[in-house]
């Protein structure tokens, strides 16, 4: 890092791995994508070829062994995250890891301990924190523009449910989908949750109920700073990806709404019509993904704490576990009960 | 009513009584305001004089005894509502009564039974149902524009808390303020609630906590039709009266936001600035009050069911009692527990 | 006026006369509607009966002769305005007169001279000045919020053309319709126009061309304070009454858009949909009409200059005449050429 | 092009040349950036190095002589455009050329003739046509969503004036800045202009007047299809780049407003506040530049007409010359007078 260029390898070349690879290769001047890895070696090779990257491998441990590599972006399947974090930390690599670290608190804590011990940087991929709108909301809240936060309100709806096979292994809606909103509650309020209450049902597709999950949910929380929070989720908003937040406080309110692919307004005899929100996360958070990985690279190069830490990776999982239990038991659940 | 003009007397000439009196006198061609009553006779006389009404009295029972009077609008203090309803029903008068009928379910049921027995019309003053924006939302939901409702979301914030003396006798935030939002949930969803969970705190003013109440709350509900609902309340939004609703369903979402006193947009070096929402209910619901009382007059003249019935008066009180118990006991409460 | 109540008679009980009569009778506490007049005496009587007014006449001169009447609102046909102004002034009555005073500058000047000589108040009915949105724009401009005005931009479109018979006697689009926008340019900029250039065509209905008029026009102006102005007009916007203004200046821009009957937003698979603007001037300017006539009453009672003076009545007619000549001759026309 | 990859060289590596180079290198899979040229060879080398491009030269003619190069993007200074177009056409290269081709109609026509003769593709860099909002407006107009166009309305304001030295050689506001809006009028309406009338002044900076130019202007046009158009320009909008269009027609209106860097809305005691528009063209049209150059590449590869042709390059210059003469002579000028 003498020359202030960070050499990064991407581990896992699926959809999200490709995004980070492309951003590292093309849009972050102070980073260099030096290698790709994927259990399917052809996926690694394809990404490398497209991005003029010399090295591609089916065995990520080769990359961990290479002293020329400063950092890794872990984009492999969730069940491998905690293990690769530990191995990468042991190898002295700085780590960007996609969310969630794991669904199991013991494995998460083992990973965080390894990072702690190795004194490497760890950033978790909570991309929404880097969305310019949500970041601006946080900035205004932190600057005191709305005073003391009283109510956090989040609406988060996907355009359509994932395949049923995915849902079955997803850990449930609260660990798979709401986890982003749990992170938002912490990020926007600057506070931890005290307890969680969740209601939900399979209103979109009864097969989701048969799979033991829900597709529509409302979660409320009491936060340690006194504020109240409410999240509503749906797996299917026919009009597109609906991602809105609001922080209401003693001096006002700051909200952020959806973004649209274009700004046209059509007025005709039937009414006034505008574009639907950007379709899904790839479109909505395209810019956030660039800002996120740049923030990681800069945190490493400047030896500063990354903006979404290991603790930030742990807490939303605890909240998700509490919400899962709340839904099952029909009562509010304290985080301390599941942590 | 041979000539299709309804002769109405207003009982109670405080702030809300004056609004109904003025609307009846000036804006409803098929109604005639024929008398006013108030325990403070001068209040009754003042309103009568302003509106060219011949009769004003300190004793409302005189009006109930007058066969020339077809209907009464009960705008006196809440503790008198159920009694006057019973007396007016016994006298064969049609009744418009401000919300709530009472905080006591036995008294409410006695009033409804008297109305039932006398076969007179009863409409409860849930003014928000007549707000053109919320009415349009309901109309679209009823027409199937959003398909099956999945989530009802309501934000309802006052510009400032009422006097502490008022709060002490108000029945608590859920019976005083959220009661309107409970009505909205029923109105917009077309469904009853199954259970209620409430969290809340005195974040605006600790004196409200000392008075045994909260000023900030989040309430969630499961509805009998399967939908989920969430309401967030605050006694103090420094930017004005914040009244927003959304119904999200299988085919889309319909929402209604705030209205502003004017439509200016100022763009300068600091940003883009617009007007704050209309200050409070008198401004925001001015039009709704006219439409509401006209609907009552027309329901009587056409012998149709009024648009906010006795049952509509009862149910939100049950929801408020359930929310009150939920807050106290820290658990979801079924409506059947308190009904 | 010792008791600070202004006794007003309305002359002319057509559509606009009824609006002023109703507002004077019901919504302006410091005014009393004491009489109505109309060449069709039944029209006068009908309005009087509805509003509990004792006196109605077919002969307005009777009212001018009555010393108990302080002021008149002239709402008769345009060709009678200048004559009645002169008679009312001679009788010492304060005068509210609907726009335009006349299409003939000599007759306008004679009317203004009579007002001047009699030292009575004269207010011209430029209702848009009292629209809360446009008034707020002016207020911000006058307060320097946008600095020195550089460009005034007005869009003004009716929902549909008036009957062809009306168009034939209307004086043409610039004197009938654009006259309001000319007033807005003066009101918003605080400046007079130097010259006018107009282009236009009958794009809505060829019969309007046959009647010697246009239905679509764009007018540009250079103002004496250096600002530039542009107005676009259409007789037919299928989505409703489109009334927007913008003042752009050295420190920013302030604009005001349309108002809608309700604030709903429907999001579905086809897009995001909102309500159309309020249909036409009766709906859009309902509030402005109340504020306008109240301003007249208060100006008289407080002996202050009315907010839309005789000069304000004269200048837009000059601008309309210049635009008419510009369209005919295909060149910019200085106001001095027609004044 | 057998393999359907277009080999492109960029000539001119200033601000706009770098944008096209980067987009060609990174974001257009079916294009390959194979060389850069700039009279300052180091500029060419720097861009080449950043983008992994092997070849950089100070002499663009070398590239024209290379048969491996299929197309060139001409981003050099305006005075070189027409000459390089002719040389590139003679060399059989397809051509993307930044606007304007030239300020001199004879030179433009010579360039177009050379292109015609060589049967190569020529696309002019009218980037706004590719802005998703404006493209959507055009799409809806072309689909008949607003019926027959009646009025085209464009507001186009820069955040600040360019250096005075630039203004002196810019050809004047109408050829430098309004030229984009002239293109928009043609693009959105699908029609040519008949005549132009322009008013303007130096309201932002008197030094601009001294340089023989204006900084604030309003231009109106009559179009051959009967529609009317109005453009208002300013060199300085303190709130940022203001780029709005509207097409109003017999069946409605479609408009496109500004885009913002984020979607936050802050409500506080002072009002409701949002972000200012994106600062300037690099931010606002970032996406448009990608779409634009991709459209050129695809037009060549598929042997289709490029979406902004040589004629599209010629006509706005004629409109700019007519506007310039109109401002000088104070009268509407027919395009035929200057063409």
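Read from first to last, the chains carry the letters A, B, C and D; within each, the first residue is number 1.
What we mean here is this: a residue touches a chain if its C-beta (ideal position, glycine included) is under 8 Å from a C-beta of that chain, and two chains touch if they have at least 3 such contacts.
Worth saying up front: this structure is predicted, and the values here are computed from it rather than measured.
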Chain D and chain C - chains in contact with each: A, B
Separation of chain A from chain C, taking each centre as the mean of its C-alpha atoms, in whole Å: 57
Centroid spacing, where centroids are CA-atom means, of chain A and chain D in whole angstrom: 39
Centroid distance [mean C-alpha coordinates] between chain B and chain A, Å: 42
Residue list for chain B, restricted to those that touch at least two other chains: 237-239, 242, 251-253, 267-269, 275
Chain contact graph, described as a line, ring, star, complete graph or other shape: complete
Residue numbers on chain B that touch chain D, as the complex places them: 237-239, 242, 267-277
In the complex, chain B residues that touch chain C: 26, 52, 132-133, 135-137, 140, 145-146, 251-259, 261-269, 275
Chain A-touching residues of chain B, taken from the complex the two chains share: 148, 150-151, 153, 155, 157, 197, 199-201, 203-204, 216-218, 220, 222, 226-230, 232, 234, 236-239, 242, 248, 250-253, 330-332
